[in-house]
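Letters A, B, C and D name the chains as they come in the text, with residue numbers starting at 1 for each one.
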Amino acid sequence: MPVQVAVCGPGECTERDFGHAHETGRLLAARGAVVICGGHGGVMAAAAAGARAAGGITVGVLPEADRAAAAPGLTVALPTGLGQARNTLIVNAADAVIVVGGSWGTLSELALAMRRGTVPVVQLGGWRIHDQDGHPLGGVVHADRPEDAVRATGLWP
Amino acid sequence: MPVQVAVCGPGECTERDFGHAHETGRLLAARGAVVICGGHGGVMAAAAAGARAAGGITVGVLPEADRAAAAPGLTVALPTGLGQARNTLIVNAADAVIVVGGSWGTLSELALAMRRGTVPVVQLGGWRIHDQDGHPLGGVVHADRPEDAVRATGLWP
Amino acid sequence: MPVQVAVCGPGECTERDFGHAHETGRLLAARGAVVICGGHGGVMAAAAAGARAAGGITVGVLPEADRAAAAPGLTVALPTGLGQARNTLIVNAADAVIVVGGSWGTLSELALAMRRGTVPVVQLGGWRIHDQDGHPLGGVVHADRPEDAVRATGLWP
Amino acid sequence: MPVQVAVCGPGECTERDFGHAHETGRLLAARGAVVICGGHGGVMAAAAAGARAAGGITVGVLPEADRAAAAPGLTVALPTGLGQARNTLIVNAADAVIVVGGSWGTLSELALAMRRGTVPVVQLGGWRIHDQDGHPLGGVVHADRPEDAVRATGLWP
């Protein structure tokens, strides 16, 4: 079964985040990974479009119960009808999670991925979390460029 | 976006049901449909294998939170971690639902598909439901052969 | 922790089913059980009202993400935002499941309860399920009156 | 229908967080609120115990499909079988969310509450989130003492 990598990020994003997500999707698909995303716009649509450009398979795990809001470029759209509870599914499906940019929904996916604790979690930009004493929390790998993010998953030697 | 059809049925099934599910998967994939199933054995594995044999894409929506129990032959395995609540997702993802054989889990999928009420639901064999007065309930289309089941979805003229 | 019993049934029901559900809720609460239901109208509202009349605690597990559609008389309304996937939660929460009347949603709850396989499932009226050869399926206990249904749970000697 | 307030926090917590959660639960129950929590130990058990000490009703929304891991002191235990997807339900059920202490699971609840965007979110200690430029993110109210946290919900004048 192929490797599956989740690309998470806000539905409304900066141009820079869009570019990062597109290139990340492209690089993942070129390596044979299935790209899992939330199926909406912004970072999600960018990752799907990038993966598609490289001939890859992309799955959008939608919060709605139908496919009306699905981004173009998805190979499969899974309308869960679970609302934001679908974020857990995106994370569970992944051999690695790459987070591009920041939003509250995105942060929930980052936190759920770290809570799961079994796969690499990589951030490209986005929000930062500090403990009660102001120290940055360990565990998330930070990358500056898509190729570094993909490499940081450790899935390809 | 391609048509998506769910094939539902028991994880332990008769040889006849296995054959029906395999042929149904094959016919669906040959028509370009993505086959959605529960990702386990029996009817689910048969539908996935049939679809794969025709070069199609299959998605297994698993009850577990990991992919350990995924049937071989799936293009994508989505470990939901939702238990039997994942049955709703299989039904929500489908432009038509084909039910092969009978079990309590399978019946829940049939009932959820009829509850949703917006897509064709076709049964190949399996259990029968009667109202309080002993009359068969309408709404489900019954087919005897895979080609009839696929035709009864109305998705292909 | 108190005993928890689910009362499942259609949101639009006959007067007879309404009466059955109300009396079932009342009897359960009088025995100290928490009554779990789907939180909407019909059988669900009747069971909640009956339980409340006996001073009991009722929990409505709603498909919506907010409490706007909650039946009056619930002690707690849990808006799951899961749609019909919430049916699994109702069943999982119960030491016994009593099904009053029939509908496709109700049938999915009956099937999920039987699929779970660990607690008594009792039907008061409602639909009947037959196997492929036309034989009634075993496992569900049928009762004619609320007091028989409550007794058939086996929770009270 | 009574006010419902979620108290979220780690299953393993400091003594200080335990005390904060217990007192928060007590104050909420004394004001007539139903206390919703994750149903496990640490902050969750403390909030439930505090609410119970004040004669209140507490609901534990468990990740597991059964009640084996339920904290003592819960009025109702709802075993969702959804894993961490249950975090969304806790947040959806609340008229206000009070977060005590920090963990990845707790952060996902905080993020989901902010993502929902319709109810007050108050933190007692715990982690801090900064945007990409290092600025603290607005929206979450920070409190130092349980009575301040309860007041900050704005639910009681």
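What we mean here is this: a contact is a pair of C-beta atoms (placed from the backbone, for glycine too) under 8 Å apart; a residue touches a chain by one contact, two chains touch by 3 or more.
All of these numbers come straight from a predicted model, not from anything done at the bench.
Taking the definition of touch as given, a chain qualifies here only if it contacts subunit A and subunit B alike; those chains are C, D. Across the two interfaces under comparison, A-D and A-C, the one joined by more C-beta contacts turns out to be A-D. Averaging Cα coordinates per chain places subunit A and subunit D 27 Å apart.
Note on chain placement: the centre of subunit A and the centre of subunit C lie 40 Å apart, centres being C-alpha means.
For subunit A, the set of residues that touch two or more other chains comprises 65, 81-85, 88-89, 92.
The touch graph of these protein chains is complete, with an edge between every pair of chains. Interface of subunit B with subunit D (complex): residues 65, 81-85. Residues of subunit A touching subunit B in their complex: 1-2, 4, 34, 36, 57, 59, 61, 65-67, 70, 72, 74-82, 88-89, 92-93. Residues of subunit C touching subunit B in their complex: 82-89, 92, 102-105, 107-108, 111-112, 114-117, 125-132, 134, 137.
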